[in-house]
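Below are the structure tokens for one structure; questions will follow.
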Amino acid sequence: MSTFSTPEFRRRAFLAGLGALSTSALVTACGGTTASTGAGSTTPVDGGNITFLIQGYDTGWVSSKTSISSYEGNLWGQITDKLVYVNEKGELSPWVAESWEELNGAKDFVIHLKSGVTFSDGTPVDAAAVVANLNAWAKGDSTRGVSKVGLFPSSNFVSAEATDATTVKVSFSSPALGFIATLAYHGCILLSPKTLALPVEAQADLSQEIGSGPFVVKSWKQGDSYVLEKRKDYNWGPAALGHTGPARLDTITYKVIKDTSVRTSTVVSGQADVAFNVEPQEIESLKAQGFTVGTPRYLGFVDGFQVNTQAFPTNDIAVRQAIQHGIDRDEILKTVYTSDWNAATTFIQGNVPEAGEFSDSFKFDADKANKILDDAGWTKGADDYRSKDGKTLEFTLTPNPYVPSTKAEDELIAQQLKKVGIKVNLKVVDVAGYAAVQASKPPLFQTSRSFVDVGTVAGVLTSQNKGEDWFGLGTSDQKLNDLSTAIATASDRASREKVADELQQYVLEQGYFIPLNQLVQRLYLISPKIKDVQYNGLAYANFYTAWISQ
Amino acid sequence: MTSDYKRFALTRAGQAVVVVLLAYVLTFLVISVLPGDAITNTLRDPQHGLSEEDIQRIVAFYGLDQPVIVQLLLSLGRFLTGELGFSLQSNLPVSRIVGDALPSTLTLATSALVIAVVFAVVIAYGAQYLPGKWAAIVRSIPSFFLSVPNFVIGLVLIEFFAFRLHSFTTTDPNSPVATLFAAITLAIPVSAPLAEVLIASLDHESRQEYALVARSRGLTEATLFAKHLVKPSALPSVAMVALIVGELLGGSVITETIFGRDGIGTVVQKAVTGEDQPVLQAVVSLSAVVFVAVNLVADLASPLLDPRVKLREKVAA
Amino acid sequence: MTATLGYPQLRNVGTASKRLTAGLPPITVILSFAVVLLVILWSLVPWLFTSYSPVTGDTASKLAAPSAQHWFGTDYLGRDQFARVVYGTASSVTSALVAVLIGLVIGSLIGLASGFRGGWLDSVLGRFVDVLLAIPGFLLAVVIVSSLGFQTINAAIATGVSAVAVFARLMRAEVMRVRSATYVEASYLEGGNRLHALLGHILPNAYRSVLVLAVLQFGTSILIIASLAFLGYGDPPPASDWGLLVASGKTYVTAPWLVYAPALVIVGTVLSVNRISRWLRKAK
Amino acid sequence: MILKTKDTNVSADLLTVRGLSIAYGSTAVVHDVSFSLAKGGSLALIGESGSGKSTIAKAILRLLPHGEATATGRVELNGSDVLALPEKQFRPLRGRELGFIPQDPASALNPVRTIGAQAHEAAALLGETDPAVRRAKILEVLDQVGLPDPARVYDSYPHQLSGGMLQRVLIALTVLPQPSLIVADEPTSALDVTVQKLILDMLSDLRRELDISLLLITHDLAIAAERADSLVVLKDGAVQESGASRDVFASPRTEYARSLQADVPALHPDRYRRKRTLLTQANDGGFRTDTAPSPTAQLQIDVRGVTKSFPAGGKDVLACDGVTFSVERGRTHALVGESGSGKTTAVRLLLGLEQPDGGDITVAGQSTSGRSRADVREIRRHLQLVYQNPFTSLDPTWRVGRIVREPLDQFGVGTKAERTHRVSEALEAVGLPSDVASRRPAHLSGGQRQRVAIARALVVRPDVVVLDEPTSALDVSVQAGILELLTTLQHELGLTYLFVSHDLALVRQVADTVSVLRRGQVVEDGPVEEIFHRPRHPYTRALLGAIPLAAVSTEEQTALKQPAKATA
């Protein structure tokens, strides 16, 4: 079945390893020869099935949770469409919305829908359906336990109504610069009104999710496998992808394999086509064997820690700043990750237009960190950990299970902070346990949140108009309150950019957010025979245009 | 004879029921010692999106606001009527979760048991009839089997047979070949005690005088083994087979994790990380029921298989 | 009845009694003692065996293959795997020792009480032991560790509790066997009381086979604790329990030594412990 | 018991063993043994344990464990060598030519299969395939060996039959394929004396009827002399002496054969008498008649009308039914009986290990029945027991010094120094070197261990010592040494002995008076000489008749003659 006779079988001198433990010679030797990729024509070929190996779909299918989990987002992306498409560089282009207008200072918007778009149950994706979706994203339905989409600009949302079959008018109480961009956010997926009306328990059932995407749910067994098959009458793909007709692949099978090494080895041995979230440190050797490893960067926050200013010890600004300067991000990038990862310049990803260059406010400087702590009265004890008024400078860190290699990353951080006298304990949990860790509001919480427009950042900084209040400040930091309202209600991009710079400078100096590196949350190990896999601005691999070359 | 046997069977069955109930109570006490109140803080977790009214319903259902002893009686009462409660994570009925997971673990456990018995018989027979040097090597196999953790066996088998020889794919762990290799991983540590009991009883029986007398009548080694040694040496192993059923259930936790099979083992693991008490309670007490049932059968069968066993003494013991 | 006992088969029992084989035990046993001694030294004075630190490493040389400087290669943070195995011995081996002690002490007491006192105490304790046996050992360990918290010391307690039943059963059988021996009845005839019979005769004769089981259980406990660590129920990072090393090592498919070095150490240690236990059983 | 005097006829010998040597691994066990057995004749290999007699028998039958033992030399059956035959050619002889009767009938039949099922294996050797015909033949031979209900035996399991019946089954299965030679390895040593006699008689009759020759392996010189035409005496794997049993028995040439002959109790009834008669002469000059015992303080043990029953299988079995006997100071009284006669129960009642249902027991003037545990303990200072099996009556983890000191420690006798002195004194009294005190029982021989047990019994200076078959677990030569020691100690310390045994010949040597027990009742008692010359009860007569060569006694120098056929 596998046509692979590449060197990796010899490299995998596994059992010899058991005996001689001398595989080093074999590993370096194979660096040179790359896999002989088949000549294969470049013109796409229809048909064929692929198997996609993923850790699991544990958080369930209730669509409008506060934020879509990184795993389920893959499947949603194939069975649903969005109004607007965002490419890797963050440029927006029409999709189900043919065109849109931004009126009177971005307070009113008119969206013109493509005609002939239908949900998989045949009902049309008309203005009424879009209005139903918009209301669900903006307000959710607390009576039925359905929450709103986290980063949707709900604070100033007024109404959405269908002026005719293919046009929708949306109005806001104050300028919502990021509204059109948010329509491309992976949380804003178009679902049939019938699905939206379902009670919460029914929504948890995947087969009830009626989307309008290029694939439809064929069959699934909870926790084991999920099979999507192509929708033959689909012809409203986003123009930016260079293809609008039906998908080329017949089916995509998502198979749950919890163990990272098993996923990697299964694809390498040719028994599956795509593996999700492989070990970053293996990328070089996997590429050397001719496999493609997609490491897309999404628009959103960097890999880093939201700091809880109410919890010990991070309630002391000196501690926050000492941590900020005590972490050697360069060593992390070199050790845990590869050249595909970029250093962080601020607490938002580099491809976000408003991202600035503030790396000197978190430059690695152990002496400075030590000095800050000495000045703040944290004296070093015998075990060279610092303490003050009898309490040791210590906190517990939980690696984010949604992001690859955070366990190795946090272990290295613990070592680095030990050098400045801060004791860091680690607690390892899986996806299910991570929600409980977030709920317990730890001093440092490792986040991985995407967004399409920087305006939506305002929704997390403070508790103003039901904000997520990441830093536990409530509204106590007036400067932060002003900055976040300014950014949310900025009338034009230029003035918003200036406010964004000031915000980034302030948040980093106050040590509210401790960036680590630009996040690559989703890694795709793809077998060389699969061509034309494209990535959107939210770093999801899209198999709509993919095809198999023999 | 039969009235004696009936009385013997009834006493043993009575003891079995007592043991199952005590196992349930012990598990409940151990689980409810969980620091903090896992049930309430998993319920309060926003991720679940449970409304306040749902939480009250669950608290009332498990009697969480009452003292431990009341909770115990409540849950024991339900256990007797076969009612296993709801999972805290997926709020699916526990009976359905365990029901879905049971078939895959049962196939795994039974095939592992069969393989373990085959391994044990081959080792025991080899240790008895292979020439000197080889017999010594075969005799040391069980202690080697006992020394390798089953997660290492699993990793080696997957790496060699799945990834290199493609005899099975990890994407379909429930395929016959994949199940075979998972069963082998589970069978190896479990076959060791069985092999040692079989070797010991074979050694003992073959040194008995009746073996000598049978040889003096010209029986070949093979017929001697089949006709005379198999039955008396198998009897002590029947009791050991019943004992290792417990090992099988325990071992399945690791084996299923490595082979990516969804069975009772993975259910236990998810329940542990998610502090899902009702599921843990159900799985542990059901394993106790299976273990006690199998041992009861072995206990009741032994007087039928072995004429030497006197019911009188059995009852008194 | 004694008439039938008074004949030859007793005679050849006398002359054929095996004296402890004089001279050195077989080579494999000596080797096993050496391995166990090494492992105990690793857990007591690890710094003598390696200059590398188990926690911090040279991140530049991460995932290096086994070589002269790094016998077991380096892990994903450039730490010397050999150092991590050596420093991990303490938590893997001492916790196995704790587990065996718990099982041995509690189990033997229960076995002694039910074997010697008999009567209602025997049936009550007997049922308690049956219950402990009824719950599969590993499941019981997992449940206990999940309720006490994921730490190696809790894993040790859990493994110990699940071993109590095995010790109780063996001690009870041994006490029952020795209690009916002639020399115990003789001690009563010589004016000895029950306590003298218990401490003077029964315990010294019963403890030997319990000792053999204790050594065997030491090996099994190492495996159980490694398995619990493999599932993530041991100490959190940067601890380096052997099971944890295998679990975290197996994600690096290109670095098989991260899995096989600790795995070989586990197998080697437990194999040696089993060999010693078998040799003790023979030399009884 | 017909001793055919056989003239060596011209026919070739059935079995000739020449230069047979056997080694287990590197240690040689049998050295250059040669003997021959004529067709229809019988030969006995006689020797103590470890003399290699069983190994020789197993070598002839080629039953030695393959791979461990190597046999060299020639074993000829009807003139052709069988030792070197490949197994395939030797197998047809197994059972058809060479029969084997094992020693312990209890473990010689597969416990989980019926007698019938195993009998078919023997019947198959006849070449008979039809199961019905086989079954008939099996039932016929079972009847021939004197089994009361062959059909019931056919369907029962081994553990449902007595030792005697099992041995009869084994003999039946061995003679069924009509072998020309039967090798019997101590066929009756695990049975009671009376049963032993019946089995050996039956075996001799069958041999004559079916013209089967017998190679008998035994440790008992008397049985060998009585049952075999010729003898081969073995020691440490080498032949000491061989020849017609009458010559070897009447006038043994070699030193070893002579000492064997001297140790046979039946041949020297008065061996210890000279020491004992001195004793009685000094006391009161005459034999004590068995009229009602005078109630003088002289009575050390007085057991009157003791009954005791045990629950077994639902109904109560009466172990002792009105047992009465008494022993005077300084005398030895023997309790004789076979298994199940109640003699052990009587001893346990005497020692207070069991409580009698009825009757009264007094030791040294104090009653032991119905007393509190503390009182009984006090009495035990004057009453000690020596167990039958020295290998289980000493704690293997203790050193000899501590074993002997245990009674002193427990009864709190004297200071530490005094106790050590008394221990070495006791060890010396039983003829053991004082350095034995620091060794463990595992390093001592059977005889030495029994001496330690005796020292332990004497160290607390009891008045009465109960000896429960003290020598039956020991070799004949060692047995004589122990009896020698017991009689000298009685003489020096004025001890009173209660000697329990199943061997009347032995009792005749050591005891003054004797009670014969059968199924819990005293069937006869009185002075030893009276019982031996004028046995009144038929059971006593049967016991006497069962003693091999009972009628023969060198003292009376009568030639071997045809003794009256004892009725069973």
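The chains carry the letters A, B, C and D, assigned in the order they are written, with residues numbered from 1 in each.
We take it that contacts are C-beta pairs under 8 Å (C-beta built on N, C-alpha and C of every residue); 3 or more make two chains touch, one makes a residue touch a chain.
Source: prediction; values computed, not measured.
Participant: For the chain pairs B-D and C-D, which is connected through the larger number of C-beta pairs in contact?
Facilitator: Contact tally favours C-D.
Participant: Could you grab the centroid distance between chain A and chain D? Build each centroid from C-alpha atoms only and quote it in angstrom.
Facilitator: From the centre of chain A to the centre of chain D is 91 Å.
Participant: How far is the middle of chain C from the middle of chain D, if each middle is the mean of its Cα atoms, in Å?
Facilitator: Chain centres of chain C and chain D, defined by C-alpha means, are spaced 47 Å apart.
Participant: I'd like to verify one number: the distance from the centre of chain B to the centre of chain D, where each centre is the average of its C-alpha atoms, in whole angstrom.
Facilitator: The mean C-alpha positions of chain B and chain D differ by 51 Å.
Participant: Quick one: report the Å distance separating chain A from chain B, using the average Cα coordinate of each chain.
Facilitator: So the centroids are 43 Å from each other.
Participant: Could you tell me which residues belong to chain A and also touch two or more other chains?
Facilitator: Correct list: 12, 14, 18, 259, 265, 268.
Participant: Quick check: what residues of chain D touch more than one other chain, meaning two or more?
Facilitator: Residues 103-104 of chain D each touch two or more of the other chains.
Participant: Two-or-more-chain contact residues of chain C, please, as numbers and ranges.
Facilitator: Correct list: 232, 250.
Participant: How do the chains pair up in terms of touching? List each pair.
Facilitator: A-B, A-C, B-C, B-D, C-D
Participant: Mind listing the chain C positions that touch chain D in their complex?
Facilitator: Residue list for chain C touching chain D: 1-15, 17, 19, 181-183, 185-192, 196, 200-201, 204-205.
Participant: Tell me, which parts of chain A touch chain C in their complex?
Facilitator: Interface residues on the chain A side: 11-12, 14, 17-18, 21-25, 27, 259-261, 264-265, 268, 279, 281-282, 285, 331, 334-336, 405, 407-408, 410-412, 414-415, 425-428.
Participant: If we count contacts the way the header does, which residues on chain B are in touch with chain A in the complex?
Facilitator: It comes out as residues 41-42, 44-51, 89-90, 156, 158-160, 162-164, 166, 169-171, 257-258, 260, 262, 270, 273-274.
Participant: In their shared complex, at which residues does chain C touch chain B?
Facilitator: 127-128, 130-140, 142-144, 146-149, 219-220, 223, 226-227, 230-233, 243, 246-247, 250, 259, 263, 266-267, 270-271, 274-275, 278
Participant: Flag every residue of chain D that touches chain C in the complex, lowest number first.
Facilitator: Chain D reaches chain C through residues 49-50, 103-104, 163, 186, 189-192, 219, 338-340, 344, 351, 353, 377, 380-381, 384-385, 387-398, 406-407, 410-411, 442-443, 445-446, 449, 456, 460, 468-469, 472-475, 502.
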